[in-house]
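Before we start, here is the structure in question, set down as structure tokens.
Going by the order they are written in, the chains are A, B, C and D; count residues from 1 in each one.
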Amino acid sequence: MKLSGIIGYPITPFSDKGQIELNKLSDMIDILLTAKVDAIAALGSAGEAAYLSDEEWKAVAQHTVKHLAGKVPVIIGIAELTTENAVHKAQYAHQIGADAIMLSPFSYYKLSEREIFQHYRTVAEASPLPIMIYNNPATCGVDMSPEFMLRMVTDIPTATMIKESTGDIQRMHKIHALSGGNIPFYNGCNHLALEAINAGASGWCTAAPCLIGQKPKHLFDALKQGKSEQGAALFYEMYEFLEFIVSSGLSAAVKSGLALQGHNMGSPRKPLLPLTEGQQNRLQTMLTKLV
Amino acid sequence: MKLSGIIGYPITPFSDKGQIELNKLSDMIDILLTAKVDAIAALGSAGEAAYLSDEEWKAVAQHTVKHLAGKVPVIIGIAELTTENAVHKAQYAHQIGADAIMLSPFSYYKLSEREIFQHYRTVAEASPLPIMIYNNPATCGVDMSPEFMLRMVTDIPTATMIKESTGDIQRMHKIHALSGGNIPFYNGCNHLALEAINAGASGWCTAAPCLIGQKPKHLFDALKQGKSEQGAALFYEMYEFLEFIVSSGLSAAVKSGLALQGHNMGSPRKPLLPLTEGQQNRLQTMLTKLV
Amino acid sequence: MKLSGIIGYPITPFSDKGQIELNKLSDMIDILLTAKVDAIAALGSAGEAAYLSDEEWKAVAQHTVKHLAGKVPVIIGIAELTTENAVHKAQYAHQIGADAIMLSPFSYYKLSEREIFQHYRTVAEASPLPIMIYNNPATCGVDMSPEFMLRMVTDIPTATMIKESTGDIQRMHKIHALSGGNIPFYNGCNHLALEAINAGASGWCTAAPCLIGQKPKHLFDALKQGKSEQGAALFYEMYEFLEFIVSSGLSAAVKSGLALQGHNMGSPRKPLLPLTEGQQNRLQTMLTKLV
Amino acid sequence: MKLSGIIGYPITPFSDKGQIELNKLSDMIDILLTAKVDAIAALGSAGEAAYLSDEEWKAVAQHTVKHLAGKVPVIIGIAELTTENAVHKAQYAHQIGADAIMLSPFSYYKLSEREIFQHYRTVAEASPLPIMIYNNPATCGVDMSPEFMLRMVTDIPTATMIKESTGDIQRMHKIHALSGGNIPFYNGCNHLALEAINAGASGWCTAAPCLIGQKPKHLFDALKQGKSEQGAALFYEMYEFLEFIVSSGLSAAVKSGLALQGHNMGSPRKPLLPLTEGQQNRLQTMLTKLV
């Protein structure tokens, strides 16, 4: 499997009572397909995976794979506090036919590299799926250096991809330079998309297509085709929006935006709150310009 | 209830297969009682609460209250990603007869003050137990200012205590100064104990008595009785040890130390690892001097 | 004046006894002209301006303007602790015929925006030269936000350009987005060159041409001409070198590199030290590949 | 020489035209003597040393030593960008009869430990005066670890004291623990005074006695005499004030406070600005309570 392009994040739709609504999840996935995403990453930050019970998590994973039915590859996000739970979920992802897992080391106690390495290796030994090493210290509480992640790529056969979400472009330069450009890396920071793609990122993992359709795909394609001026213009057109959905909370922002567009996918799970009215108005103004 | 003095953290004993061993938990609690702790805080960081299933968590909470049988007050730590789970645990803590809860806002998405406040208020409305607001950004991923925590104390009737674990003594000065010395605060940072108590902390939450007996209690009493020179000497005697158990991971360090003292309480749950041999040797040297 | 392209930093040559050598400064400037720089920025970090006496500073400024004789524009760096000294230097720069000044707020006490604004306005009122607002918190000890710098551009008529050296590409996106692309900004962080130019930077201020000739100019031109793939390839070719000269100290690195290339320009002024032997060997290896 | 107790910082009085007024400097020093300071540290942050010309610096140093005439020891602060200038000032301090120098590594380029060590050793070889190693990264732009400073104490015979101004009490615990309590250390962070003295600091370097008389001395004495409750009460009485003069800029705050008390010592040198009216009102309220 060679992942590239736009990797779309679906949110997880809830009913007013907070129950997962699988039929609306189908709608969500169809919106992403219409936005021409090249793959789907289920159960990431946008999907509120951290706030789901194990049963809910499995239902979302299974439904996503089933609904997509191979139209584009599916990556399943796994961010568990215990290695045992990560193993179970990696096995489940394989069992239901997912294409890869996106594995990050969620932490309560800060983890050492020794502990993180063991976590990845144990998961890798339990499931044959390709692993995208996912570094997102802002949500997961632990940071992995480019050097360390590349060592895992070398030492763990199925760890073949890296996703970087620190927002520091130097990390990507390091990954590219140290690997001789041979290890595919992915951008997980929306407002870093321009430089990440220019720096050689194979893909951009983003929830933006949930709200603004094919624009992220157009940006990716323009830059990969050498249309750098057009790419920069597209990026600046989206810039305020991209920064907004990150700084106001991806799940809350996307769910509010979907509601503004007529898709009621519910509120994020508490303690997360929907956008304030002021934020919703700002988002409405941005969407009006972009869509 | 007026909590003061040494609030001891038990670790959670596991068998070689990773199962909780309640009889050893009794031993653990007895070790703390022998160390003259003034209260027990179950299911904190040292207790690996974040790594337990709901059933395990309940078993530990219940057994702790039952085994203590009122000898000293029991505080139950609650650090949940969802408000719903926090509510369930707060209700359970009340149901089994715990004396208070120690509530911290565990986060995946960074939480706003609006979200944190709502989390605390919802839990407070669901359980009559007194709440110790617990700020520990290093493990919980979200920081609360003294001003914000004091606002919660004012607005939420059962939120009556504050535990500060940032390691920044200025936070305690702020709490003391802004509240006119009227809100009890507790220290959760072992190597800050000397200044925290001198700054007016009502108590010190610590796992140190698991390994070094009554020394923490002696330090607390010396300082509260105005024996500042003796207190400082006791603190410096323990200083390297206090810093070590924090920097090497509280649960791993205490479990290794207990093993060195003949109490096999198992290893921390993966991905957490036991101390390395080098760290164990260093700990042995420190314990030999202190015990 | 519309500055664009590569703005080269000369170092300040010293004799073995630590005296400035103006004839070698001419050689240094000629090296930069051969490297096809579009302008010269004298007395920046690379020029060790902070370590020169007032007389030395003036001698370097005057000699640079005179030797260039209008071949390319000259910008004079000014980073003074007192406003009075900054005013004197700005007046001197005008008097000798420099084209612009690059003004940064060097600090001992942290400065408020109120203090920084007054500093810039006072200098602007004392000298008619265009001002490049220069933000470099790592050396100058004070950080200026994009919003604040743009406010100064609006309120101070001669403040027309911004140079950003934090290394955070988001600052440049903010400047571009908030100004509608109308305020020229310049990159002062070598290993950020690829994304800075792609983000719309008008120029790249760099000492790299002192050692690697026209390569930085080729990178700039390739990217501005839409040859993004060639640009990225050039950037990665230089990447390790660009990062090395920043992390090992610009002045020390460039002077060591010049010595390796047969130009003895002396050592940096103490407490600054020349590169260690190990660093020199690393630099030699990089230069062999690049030149 | 064994320095201990309150080490008072005089500010540097300026006329309305910005000239140094030596007769008012005498008044300033007399105010500190009336406040029972145990030593005077001239030309520190409060003295705006960084903003003086060499001639002004020398005039202040000489006048301070002369006016004090041995009543209490004088320490002269030296924070120079070049080693050569630091050497000259250290020699001058010795020549005029100062008792010690307080040496910090002011930086433009970040300095390595190799560079800082060489700086200290060169100064030590040029002047026989005892050296207080002074760590203040917030103003000087470079941080020195306890371990590194203790290594300099070991390797440089005249480097016998350490002053810590990071505001992190753990640094003092480290210095005390690693040196077995044998190296005198001093607190330079006003709102850390309570814990610094309790942690074993030999002295407290402060400008507070310029405005609030003997209160700092009373705090120091109370804590050293084991009256910890009285000491804590005194500290909290001063706490808001101590934090205010640091956060609003020591020199600006003290000069404004002196003016409120009838001593016109002028304004800080630009770009530094006097307190705003709102800040002055706040300071007046605090002084009314304290004096």
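As a convention for this text, contacts are C-beta pairs under 8 Å (C-beta built on N, C-alpha and C of every residue); 3 or more make two chains touch, one makes a residue touch a chain.
Keep in mind the model is a prediction, meaning the values are calculated, not measured.
J.: In terms of CA centroid distance, which chain is the most far removed from chain C?
T.: It is B.
J.: Just the number, please: Cα centre separation of chain B and chain D in whole Å.
T.: 38
J.: In angstrom, rounded to a whole number, how far apart do the mean CA points of chain B and chain C lie?
T.: 52
J.: Going by the contact rule already set, what residues in chain C reach two or more other chains?
T.: none
J.: Is the way these chains touch best called a line, a ring, a star, complete, or other?
T.: Ring.
J.: If we use the touch criterion from the header, which chain pairs count as touching?
T.: Pairs of chains that touch one another: A-B, A-C, B-D, C-D.
J.: Along chain D, where are the residues that touch chain C in the complex?
T.: Interface residues on chain D, with respect to chain C: 18, 45, 50-51, 79, 81-84, 105-106, 108-112, 114-116, 118-119, 122, 138-141, 249-251, 269-273.
J.: If you look only at chain D, which of its residues touch chain B in the complex?
T.: 167, 169-170, 173, 176-177, 181, 191-192, 194-195, 198-200, 223, 226-229, 232, 236, 239-240, 243
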